[in-house]
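Okay, got some structures for you below.
Look for subunit A in each of the two complexes below; its partner is subunit B in the first and subunit C in the second.
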Partner chain A sequence: MADIKVAAYICKGCGLGERLDTDALVKVAQKDGKVPLVKSHDFLCNADGVAMIRNDVANEGVTHIMIGACSRRAKTEAFFFPENAVARANLREGVIWIRPDTEEARETTQDMAEDYIRMGCAEVKAMTAPGGNPNTGSNKTLLVVGGGVTGMTAAVEASKAGYPVVLVEKSSALGGWGARLFKRIPIHEPFKSPADTGVADLVSQVMGDSNIKVYLNATIAKTEGAPGRFVVDVATESGATHTEDIGAILQATGFTLYDMNKLPELGAGKSPNVVDQAGLEALASEAAAKDGVIRRPSDGQPVTSVVFVQCAGQRDTTGTHLSYCSGYCCNTSVKQAMYFKDANPSVETVVVYTDLRTPGNGEDFYRSAQEKGVIFTKGKVSQVLPSGNTSTVKFHDLILDDTDATIADVDLVVLATGQVPNSGVNIEALAKPQVAGEEGEAPAEGEAVEVKPISILNLTYRQGPDVPQLTQGFTDSHFICFPYETRRTGIYTAGPVRRPMDMAQAREDATGAALKAIQALENAELGRAAHPRSGDLSFPKVRLEGCTQCKRCTVECPFGAIDEDEKRFPVFNESRCRRCGTCMGACPVRVISFENYSVNTVGAQIKAVDIPDEFSEKPRILILACENDAYPALDMAGMNHNEYSAFVRIIPIRCLGSVNTIWVTDALNAGYDGVMMMGCKSGEQYQCHFVKGSELGRVRMSKIDDTLKTLNLESERVRDLEVAITDIKRVPEMINKYAEELVAIGPSPFKGF
Partner chain B sequence: MTEHVATNETILVVGGGISGMTAALEAAETGKNVVLVEKNPALGGRTSQLYRYFPKMCHPVCGLEINLRRLKSNPRVRVLTLAEVTGIDGVAGDYTATVKVSPRYVNANCTACGDCARAVELEVDDPFNYNLGKHKAAYLPNAMAYPQRYVLDPAIIGTPDADKAKAACKYGAIDLDMQEETIQVRAGAVIWATGWKPYDAAKIQPYGYGRFKNVITSVEFERLADVHGPTGGKILRPSDGKEAKNVAFIQCAGSRDENHLRHCSRFCCMASLKQTHYVRENYPQDGKSTIYYIDIRAIDRFEDFYQKVRDDASVTFIKSKVARISEDKDGNPVVWGVNTEGYKRYSTPHDLVVLAVGMEPSVKGMDIPGHIVADSSGFIEADPANGAVFGAGCATNALDVNRAVQSATAAALRAIQVVNKVAKAEA
Partner chain C sequence: MSANTAMATKYRNSFLKEVEEQVEMGDWVKMCMQCGVCAGSCPVNFQSAWEHPPQEIFMMIRAGKREEVLTSPSMWNCTSCYNCIVRCPRKLPITHIMHGLAEYAHRLGIAPKMQPTRFFSGLFWKNATKTGRVNELKLSMGLYFKDGFGAGVKEGMKMKDVALGLIKAKRLNPMELLGGHKCKDQKGIQAMLKKAYEIERSRKAAKMAG
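Showing the complex of A and B:
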């Protein structure tokens, strides 16, 4: 390791100088922190203070900087030293702002500040400035899987930005569902009539682009590697395999229409005159090629009346069909009704719906259909009874509350059946990720999703061959703010495989996903992390000689970043890693670490805290707080001067998932009276930005009771708490309550050992 | 962060809400230099004023924290607040934007210690709370404000309060002589992400917004529900501070209406469904919500959320376009109309009426520099005539947050295509 020189800087501004004995803090840094260069400053974040630090870096050889001032979330522009290891002792939001400015509080407040200085010094010494993952790849080619509108759009848009594309389509032609449409829903003013699909243009753009290499009749036989250095085998119909070097992957495998044959009560399969929306597109295209008259399939007679059944097999609350709404079908039925009305206004067209869903300018389109004479009836169709060349549609008229409403002599019935994603293998239904070593526990009940046997990406990943699905087979993200975040770094999904959507949205989605894929390969080349720790140069390092091949890290990694070699040692694919630290938390032998975040950086802080003896009446509570939610909440509590106990010592952590149980046992052994862990909500509505991090952390900590028993300690000494970023009032209350409870329990018996 | 010099390879992003921040960050994280211009004193936009998001009921500031952390650690984004683009000259690949920067009266020395706010006396309307509350005239826009720097309201400039603020600041951060500035920013491409504004509910005359205190808008209701809002999260009605336990939600307040907004604003059904949760959380025993709707548009996966609210006994759905609202002698708003399921007339008193106001693009009626093609609702259309000015988020369509972010990410690629071409031509 290169020589390190640590310097500590203590700010006296913002009341720190008045509320704290900063001379004593300097001495603590020198004596307890063993920092050779310690300076205080009246106003550290101003130009002069920052220049002082910069000067020490340039002229004194300072490599490691400890700043005792405000929160690490504040004054980030001033204290921006990306070349150095930096630790920040939060004396403002974390000490003086949460303590009363009274004489009696002064001593405990000073204790708190001194501990944070000790912790900061210990932490920074255990860190090194991250240098970026060296195991990078520089491939800039984007692989697009699926040659429908989404895939083609992604290919064209990526190519326009200067990136080569390999596009793989399993059928013999590009175009997907889009190519089967007669017309599309309009996307420009005046939103009144069906428009040309533009799919043929898109196909010719793809085919005419020398930057896009197209494989037809082809599938992905194997995908291995990581962003920037994926190696993908493309299998073609002839049996040949082509190997492509790929930087990032975009999965645009689209949807399959829900099988209308599952809806015999709606006449499906009982008459050729009952079709789904794709069936009607075919009839319309056929008609357009001839005389423009849409004909009844059974006998070729012109259709004079048509009924559109919305939500056929969708929005189903019985659990039999799709429970979701596919979003596009209302507009599609509006469009299809216009196929009839535009050709012949006398054709009777009725749309039976429960809620007509035409968002945005779809409303103009809907209005236009009403003007063209399309009838919209609020009702729920119970039965379609074909007989001869016509059908009878029975429905519950919701306006008249007539359960026996009927439309007779209907020539054609169109069922709006909805989208089922082509998402490949549901790897979680195959093997629910569990914490290793939990054999014997019943697996959690899986969702009622069909396990599709055919993999799309054939990833060689330890955790399975496809991208994990979120719900109902969609490979969507759970995050409102970050819709593209799949759980496989450098692999993005777009279009109806991600979420039900129409063509306009799919094109937008494809463009956004293409950007994310490009970004992933650019950052992979630079050795930097992808979202949410984007730009982070730290990466997990493992000391394999200490590894016991327990597989916890490979099983738990929420992003499937870690594979296993033939001896079952973990193989870290750093460019697939999102730097949450779940592997580090999981590792029982503690051989995994990040340069600036490790078992040591946190462990050293825990050990640095001064533990007063049991007679001092100064308990010590360790708080491990998620840096994205709990820590900001604590900061804002400080900004609001919401007071909390001076007995807590707070350490921000990347994620609850990164908490190694050794921290908790070390703290308890050292005489801390209690440990509070603050992480994000887990479970179905999880709010953890590493998806499974907080959940895995909680599973791990649920086993802490055994440890407590071994130590002969009360189970109340460890508390697992769900904290949201808005808990600005609640968190101080929780802390204070816990501090009181611990007083009642009495001091830890481990003090003074 | 570090200030870089804007060139024709820079991307200018107008608007610092979630769409603008997303576009800026996605571009910067792909290696592009970005100038992000926001007219308010802090980033975050309207999503930061929401209490919770549907359908997860999670907190928008959680994502904001991540975005701010991305921003703080990325030297490629230069943020200008209190700034408005007043003109754009040039052509795709080589624009020069004129940006007017209003004085903040607080410089970069500010440590956000809050001494100035404690020193001044004047209180002014707090726009973060849609003026439902007041804040000091020296203020931090909100707890998550970025830049984390106080602002002086222009109302105190030239008054003794301003001098008090200045005297209170130990760090020389208050500069009362700060003037409006005009700066030029070069850019190869522009992303227009100016978001939306709630439709002016007062224009829907029969609903009595502005006349009846207990008729409020959905965005105001978010602030009432927020534990950090003006009522500390208690749903109290504005007229008398009484607990509002019987709340009516009126859908399509302005939307889907040829007299107001022709389009469907998309998010309002889900927003009202979400807000019924606030009522139940506040009053678990006797809270009641009634949703007056035309169609419930819980599109795609949101259907599950709708079904859960449907199953909630405290929520009633009435299919009806509300005709008018009156007020009874106790100050209760009375909702009048016809329930179209069965054609039954109703006139129902509630404690509070929440108008699910529609989304109007902020860009509508704005003097957009240069020529931008918009649809009849004022949303920016994708059109080659726009050159390298790309719409993003709710400037382009009525979108929820998730879709706005998608749109912004797509816009980032479109802008990158232009600046990459510029870079290639110059290489």
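Showing the complex of A and C:
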């Protein structure tokens, strides 16, 4: 680009002027950085300093700005120049705050600052100002899949926020599981008795809302497009297909109760007097319609004793049943025991539990049940033996350590079986046999994965028809940091499809997810990224001429953003992209880049660093630090003045997944003594903001050893580290330790070539 | 029919109900949530005599283990330190329930006969109500000879020096053995006790009847 004009600004505030030789920095920017316009300022982020930059942009034709001041994470409002390419050299958190203020340290500290200025100048020249994704859609309709409590709540909330909603429900009526309950766990003071479900109200609210279009007996036949411009085919029972234009999707497909027939040892299927929790709700509703007396199904006699078996087929350690706790069943059994006690206090009600878990205000509810005379017994039920009209419950009493405890003559046994998510097709399980098939191997017998046959969203995405799952069939989401996000941008999941939960939690979940969906479609219209780089205007650009159709980007994209055209070239759906750069890191021919983040912007920084010769005793360590966790941790280390080696040069990266191996080999070839990569925890307990980014990055980097061998270098020269945002003390320690280790290994043989 | 069998018949298979109605503060038993803080707080915890901590006693009551609970020496071991009451997250008056259970077992006549606390309680009561004054010498002698003459002499010899010291310091009068000091109004005391017994008997009879 011919018409770029770069300007560099160096701040003297916050002690930079005292600790560093800023005049030398100005010279470095002019000479090494080859920047024509370089200015220093006593206090760059104040109104006067910012006005100076603005003036240069307006009157001097400056297009590219390099700011040598504080971290790029600081003063973002002052240094906000959306029209320009901006690079920041981190002289404060990254240099003076992590170095001792001593005479001996002065030289290496200055070296560090000068390198960061060189890097900033090199980076900014390789950048252009991001213009925003042009391929946007502006549809503002929210599609809600599932008409249960979660779905209806989401629909109502979105409608209240002013967004039209299309609600698709598979069955013939709204309400889902909620409608099948007799009463619900109370959500208001004093949390003492079962309350009205409120589902009927919610249904009438949905039906009476002109902003909500409801399809009953309908499924999603096809979903294509991207946030802001989804096109969804809704198939109705009559066979007709309605096409809806959709902005964002909220999947609230709920759960199925774990099949109690898998629990014959607990009497399931052996007697009608053994029911699951839904079965009891039906009995209670039936009773309420008549005389209020719950009767045992076998002969219609009133129930005089009932036993609730908690964790039936749940928290199973043998691998046969559900391994997890569904979290709502204890409260539900408390509630159901009250159905009996409220109607007739003389009914014997025993809840056999291993750990009573009553989230929310369930503790008050539990206490109320005890006051009402429900007996809670800590034990593990081993057998339910139905005989005639009664059953015998055998259990291991965990308090008295009685392995042969028995409750005889029980009229009704209720099994708390737990939730199994309705999350559609497990696309990762699907992918396996496909790959095997391509390689000409038939999947081994018995290895065939259990695939739920019915897809819910029927996405036309290259990576599969449904949202990816994390574990146990629950859709992928980060439990704490970003609960509603799936790995499909603009598609959010809420309710028990996301994790097991009760109605109160589901309603909260629905509201949160609806707001996230609204955010996503608004961002999509403006061509901006959604979480976690929300507002980012850059997007991946591909030079298709260079593409070898290797498919790595389409396979690896953690968000399924990239499809393939008929010729197997990648098709980037920018609105689905989260801007992690995993495609860029994956691309072996390096044709994928972002305007302000590319193989070049990082590569230029790596090359800009001055590498002293091997006799100087000044090693150079390159750190590629994830901007979400590692870089903030390093910044905070600076704020706490936790010192670390002056020989490191840190480059923030969007994600470990965006690291292209060329950076590492370039750095080693250029004479760096070591490379540290700092990314988030990967695996099932991942902390990566891009879910799979750090994992994919690590897989790629695990192959770096071969490269090192061909370069005849020690494998210790590249180190992969898991860093969390809280590692404020640990990161400097790791850096210093590594620096010492490298001294032992000796300088890189590539210096001076 | 003994009081015990009468009660057992009355409440047939609901020991919890029996405890709720008959035992002082017994209606709190159902509120225990089995956290075990009482057991962890009890200073008697590590003594072998302490068969069941309160948590277990409550669970046994709910499980209907009537015989086992009422004949257990556990609640007799309570020292009334009140740690459990202070710490119970469910605010159960555990100390009182322990005493309530002990008293109920005693009332039914099935509490362990020679359990030291129970034995001493009886001894103390008899001693104190006889004259309206506690005769400490007789009280301790009674306790020494609890397990027979030989054991009593042995225990007495062991405590000989203490006794002599107390006598020297005029804290113990050997003459007490011959009757000892008394309350002035002997008749008044006995009349008062009689009335109290009467009130208690009628209250308990009413409770046990129903």
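Here, the second predicted complex is superposed on the first by the 729 of 753 C-alpha atoms of A that agree within 3 Å, B and C clash if a C-alpha of one lies under 4 Å from a C-alpha of the other, contacts with A are read in each partner's own complex, and residues count from 1 in each chain.
What we mean here is this: a contact is a pair of C-beta atoms (placed from the backbone, for glycine too) under 8 Å apart; a residue touches a chain by one contact, two chains touch by 3 or more.
A quick note: this is a predicted structure, and the numbers were derived from the prediction, not measured.
Once the complexes are laid over each other on subunit A, subunit B and subunit C cannot both fit and instead clash. Of the two partner chains placed by the overlay, neither subunit B nor subunit C lies in contact with A:151.
In the superposition on chain A, A:371 makes contact with subunit C only, while subunit B stays out of contact range. Contact with neither subunit B nor subunit C is seen for A:267 once the two complexes are overlaid on the shared chain. Of the two partner chains placed around the shared chain by superposition, subunit B and subunit C are both touched by A:356.
By the touch criterion stated above, A:483 is placed in contact with subunit B alone, subunit C being left untouched. Legend: residue contacts after superposition of the two complexes on their common chain; A:679 is shown touching neither subunit B nor subunit C. Once the two complexes are laid over each other on the shared chain, residue contacts for A:424 go to neither subunit B nor subunit C.
In the superposition on chain A, contact of A:160 is made with subunit B only, not with subunit C.
Put simply, more of the residues of subunit A are touched by B, taking subunit B and subunit C as the two choices. In the superposition on chain A, A:94 makes contact with neither subunit B nor subunit C. Note: residues 356, 367, 378, 399-400 of subunit A belong to the subunit B contact set and to the subunit C contact set alike, using the contact criterion stated above.
Subunit B meets subunit A in the complex at residues 1-2, 18, 25-26, 29-31, 53, 56-67, 69-70, 72-75, 108-109, 111-114, 140, 143-144, 148, 170-171, 226-228, 255-256, 262-266, 295-304, 307, 319, 340-343, 375-377, 379, 381, 383, 397-399, 401-403, 405-410, 412-414, 416-417, 420-421, 424. Subunit A makes touch with subunit B in their complex at residues 13-15, 43, 45-46, 70, 73-77, 80, 157-158, 160-162, 188-191, 315, 317, 323-327, 355-364, 367, 378, 398-401, 471-472, 474, 476, 478-484, 499-501, 505, 508-509, 511-516, 518-519, 522-523, 532, 534-535, 628-629, 632, 636, 639-640, 680-681, 685, 687, 689, 724-726, 728-729.
Put simply, subunit A touches subunit C in their complex at residues 356, 366-367, 370-371, 373, 375-378, 397, 399-400, 402, 405.
Taken together, the subunit C residues at the contact with subunit A in this complex read 16, 30-31, 33-34, 55-56, 59-60, 62-63, 65, 90.
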